[in-house]
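What follows are several structures.
After this come two complexes, each holding subunit A, first together with subunit B and then together with subunit C.
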Partner chain A sequence: MTPALEVAHLSKTFAARRGPFGLLGRRVVRAVEDVSFTVEASRTLALVGESGCGKTTIGRMVVRLAIPNAGSITVEGEDFTRLSGEALRRKRQRVQMVFQDPFACLNARMTAEAIVAEPLVNFGLGDAATRRRRVRQLFDQVGLPQTFLDRLPHHMSGGQRQRLGIARALAAKPAVIVADEAVAALDVSIRSQILNLLKDLQRETGVAYLFISHDLSVVRYLADEIAVMYLGRIVEKGPVRSVFDTPAHPYTQALIGAIPASHPRERRRRALLDGEVPSAAALPIGCPFRTRCPLATDICSREPPPLVTVRHGHAAACHHIHANEMTTGGTTT
Partner chain B sequence: MTAPLLKVEDLTISLASDGGSLPLVKSLSFEIAAGETLCLVGESGCGKSLTALAIIGLLNRRIMRASGGGIFFEGRDLLSADAEAMRRLRGDRLAMVFQEPMTSLNPVQQVGRQISEVIVEHRGTSEREAEREAVRLLDLVRIPDAARRARDFPHQLSGGMRQRVMIAMALALRPALLIADEPTTALDVTIQAQVLALMDELRREFGTALLLITHDLGVVAEMADRVLVLYAGRAVEEAPVEQLFDQPTHPYTRGLLDAIRQLLKPDIERLAEIPGTVPVPAKLDRGCSFAERCGLAMPICGEKRPVLGPRGSRHSAACWLGHLPVEQPA
Partner chain C sequence: MAITVSSDSTGRGLARGRSLAARTVRFVAHRPVLAVSSGILLLFVAVALLSPWLAGDPGTLNPPRRLKPPSATQWFGTDHVGRSVFDRTLWGARISLGVGFAVAITTTVVGVLVGIVAGYFRLADTVIMRAMDAVMAIPAILLAIALVALVGSSPLVIVTAISVPEIPRMARMVRASVLVLREQAYVEAAITCGGRVHSILLRHILPGAAGPILVQATYVFASAMILEAILSFLGAGTPPNVPSWGNMMAEGRQYLQLAPWILGFPALGLALVVLSVNLLGDVWRDMLDPSLAPSAAGVTR
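Moving on to the complex of A and B:
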């Protein structure tokens, strides 16, 4: 079967100003570097990692809000990066995005109905009567009461606004939805509601999700696969269970270890990872993680580790994977 | 038993509105002992920040009014203290760290200077001595290369480092009580783990009591000695932390706990939900505020408000189910 989304060797650089007021000229920020992954229909790939590691930039390229410097983005078999004109417009319809704070992307003066109908209007889908029917059906589908049709978003709660954002993303029946930190701003009780909704909608429509989150703990329920990013690169990728239970990369291990305990008897009382992510404008030579890595040796500062398979469908980029797995057993609690 | 460091008694915080006043925090009572960590948990809008601001005397007095039995801190009632007395207490005996440090840091002053000024103002030490102390504090909160970083402006620091600066500033005068309002909510989990570990270490070293506000029960599991769960402006459950996690009795607490526990379990078919949303504050509230979202609600729940009642040693909850034993899922 043709995958819903296939990303190959994707790279993106930005020119950033240096020093106060940009007085020191420009430098290159390597936001995304040689990233590849595939998402099948009805499946979810979670993209995780600390802030600044390039997740949003990938999401924006996938929905074509940003143009890659290199690599391809194939949606249902067609290379998105090579399309233009009408063909591009049709393809854009197949990939939609849900953002963290729907306020930021929803026009505050538009009613809930107009917000959901907008993509239908933009893509020229159906006449006015069909669109009315479709919007009402979408409201049902995402659990918004019909009485909300003429409501303004700022008269809705955060959870309701997120349902609205999801209805809008679903309107044009996309093959892929990119959800960027879609539950990050929600209270825990609402977060469960939205995660359940996303899962239900996937069962009903077969949509594929690229689910972006800086918080590893929210992806386990929804994701089939996880890709862990560090400084623009994928450092580990595999089936969700395999990555959680037997993480191979020291960074993934640290991320899992940093998730707060779920019971006071399991408390940690120490941080597992020192320091912060270095600037993407001054990438370490060799392994990008070596400045914070407890296992780093000479080779790590000389050569970038390639992504190699550790188990079926599970790969990691670290020179010391095997030594690491032997000492830690790769287990987490 | 010695008197608690902080005793909040029957605190009500109301918003003055055209048609009278709207209570946002209602009859809240709790205590914190010296050196203890109390976590105040609840989802957004339940009154956590207002409670903190009332204690530290930073409520917007033009629109908010705190009333009730009193806020007794080291024996004196802060509710009746004047602005000047509160200003002297703040930073000295009582300090606060906010979620977004940029709101309390001066953007055009070097961070070291901001700390040393506090020390000069409250302790009257010489500037040079205060500056040395500021660098020592920055070093204590693990800011790498502290002497150089002391000359940075807030925008030159990462979010995690700014929060460390706030902690350094809060601890500069060795307060007896530190209030931290969602101090790690805006940070990545890795940096959150560092900041929590740091706060806990400093609390032990200085014997500072901590009122830690969070909506994240994971943070509670890591940090609390005792926990107070708020819902819609009222206390609904209070217990020592292990007791709360082992035997939560209020359906709201149980819902919150389920929400974090299930997330990390493999092969969950469907997450348990707390249906609906937190109610908006209303003048009239009849019955239990949680009743409309509660899967176990009985007719009485919509009619009469349950009061906090004992559920074990130092454990209380406000729920009509209190008299019935509640089964815990395995």
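Moving on to the complex of A and C:
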């Protein structure tokens, strides 16, 4: 079966001109570098990492709000990056997005019904009567009362607006939904409701999620697989359980170590990171993480580490995986 | 009235289900500025449209009864050749308001098109905007005098002369609004939802820019009326045989101490229309900003 979403060797650079009229040349920021991953239908891949690590850029490229410099994004077997014009517009039906800010992503002048109906109208799905029924069905699916149909977004709460945004993303029955920090702007009490809603909807519709988040506890609850990013590269990816239980990359270990424990007895010895994230415009040669890595040796400053398989489906990009695993592997979480 | 709103807690009643008349009354009571300014403007528009029936011939001379003050028979008095200032002020409203509307519409249409091409499609953005800067450097009065000297005075020439220097201001403002709006998450959402270019522009971007465009258009309307008056005053505008507020003021200037009503009535008309148009622009701007809209009872953002 073709996967819902297949991303291969994706790269994105941003060039910023320096000095007046760009006289001082260009500063190239490598936002995303050679990123590959696959998401099957009914599965969720979480992209995690610190802010500025390129995860949002990947999400924007997947929905074609940004254009990659290299690599391919294949949606249900068709290369999304090669499409343009009307073909691109039609293909957008298969890839929808849930935005981070439930206030900014809804047109304040449109009623809730018009917002959810918009993709149906744009993609020419059904006549007016069918669309009316579909919008009402979507309202039920996301748990919005029918009385909200002609409300304006600013007469709704944050959680209600996010439900509306989810209904809009679902309306055209996409194969993939990119959720960029979809619950980060919500109250903690609302957050779990929305996460459960996303899970239920996936079970009902078989949609694949690319879930972008910096919140590891959310990721652990929702995702099947996880890809950890650092400075535009994937440093570790694998099934959620495997990555959380036996993180192989020192960066992942530090991230997981930073999750607050729910009980004092569960507190682990934390491997906290020193230093700052290097600028994406001046990456260290070799392994990008070596400037903050407790295990860094000579080889790390010479060669960038390849992504190697640690165990089934679980890979990490580190020269010292095996040495590292012996000391910290098997930590209970 | 507040009670009816709070009892209807779904917020539906606010948008629908109230009779038009009741909503109008409620609206005017809540917005006296809007009511007064649009009332004045509508009055002048009606006067301008109906002047052939309301007013007599503005060109009838009556030298024996010249420079007479306002009276029961001549409401606004007479000018230096005995013409009725009332008739001429009413006829003059046609020119002033006509030029105002024509310039406001021309400027808005061309300015919005130029602003969208530069700001949304980013086609030749730098070239277009530098050209607009160059046009903006032309003083309207000089352009008008040059055009009138070149091709003679006609309404079309006056409207063109006043519109051309106003277009860059509108285009620049539209471009700035569009540049901001195209980056908004809801516009990006519309793109991912498969919106075609016209739907994104018409449903998502232009409504967001409508407030500033409308305010700018009312400003253009007001300043076009003033400019037309200035041009007529200088003799480069409406020909002297057609009464306009500008050339009436020019003629009345010479008799200001003797017969201030000749200048006073057209000046009052101009001031009232310009003021009400400007006030209307401010009110519209507030009304078109959805974040300032009254919220449904019990639900605040």
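By definition in this document, the second predicted complex is superposed on the first by the 311 of 333 C-alpha atoms of A that agree within 3 Å, B and C clash if a C-alpha of one lies under 4 Å from a C-alpha of the other, contacts with A are read in each partner's own complex, and residues count from 1 in each chain.
Heads up, the rule we're going with is that contacts are C-beta pairs under 8 Å (C-beta built on N, C-alpha and C of every residue); 3 or more make two chains touch, one makes a residue touch a chain.
Predicted model only: the values in this text are computed from it and were never measured.
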With the two complexes overlaid on their shared chain, look at subunit A and say whether subunit B and subunit C clash or fit. fit
Using the touch definition from the top, say if A:Asn196 reaches subunit B (first), subunit C (second), both or neither. first
Touching partner for A:Arg241 - first (subunit B), second (subunit C), both, neither: first
Would you check which partner chain A:Arg109 touches, where first means subunit B only, second means subunit C only, and both and neither mean what they say? second
Identify the partner contact of A:Pro260: answer first if only subunit B is touched, second if only subunit C is, both if each is, neither if none is. first
Now for A:Ser51: first (subunit B), second (subunit C), both, or neither, which partner does it touch? first
Which holds for A:Asp150: it touches subunit B only (first), subunit C only (second), both, or neither? second
Just to be sure I read the superposition right, which of the two partners does A:Leu65 touch: subunit B = first, subunit C = second, or both, or neither? second
Of the partners subunit B and subunit C, which touch A:Asp187 in the superposed model: first, second, both, neither? first
Angle at subunit A between subunit B and subunit C: what is it in degrees to the nearest 10, using CA centres? 80
If we overlay the two complexes on their shared chain A, which of subunit B and subunit C does A:His214 touch? Say first, second, both or neither. first
What does the superposition give for the shortest Cα distance from subunit B to subunit C, in Å? 8
Intersection of subunit A interface sets (partners subunit B, subunit C): 157
Flag every residue of subunit C that touches subunit A in the complex, lowest number first. 10-12, 15-16, 184-186, 188-196, 199, 203-204, 207-208, 290-291, 293, 295-296, 299, 301
Which stretch or stretches of subunit B touch subunit A in the complex? 43-44, 144, 158, 160-161, 188-194, 196-197, 200, 215-222, 224, 241-242, 245, 255-256, 259-266, 268, 270-275, 277-278
Subunit A residues touching subunit B in their complex are 50-51, 157, 159-160, 187-193, 195-196, 199, 214-218, 220-221, 241, 244-245, 254-255, 257-276
Residue ranges of subunit A touching subunit C (in the complex, touch as defined): 63-65, 89-90, 92-93, 95-97, 99-101, 103-111, 118-119, 122-123, 147, 150-152, 154-157, 165, 168, 172
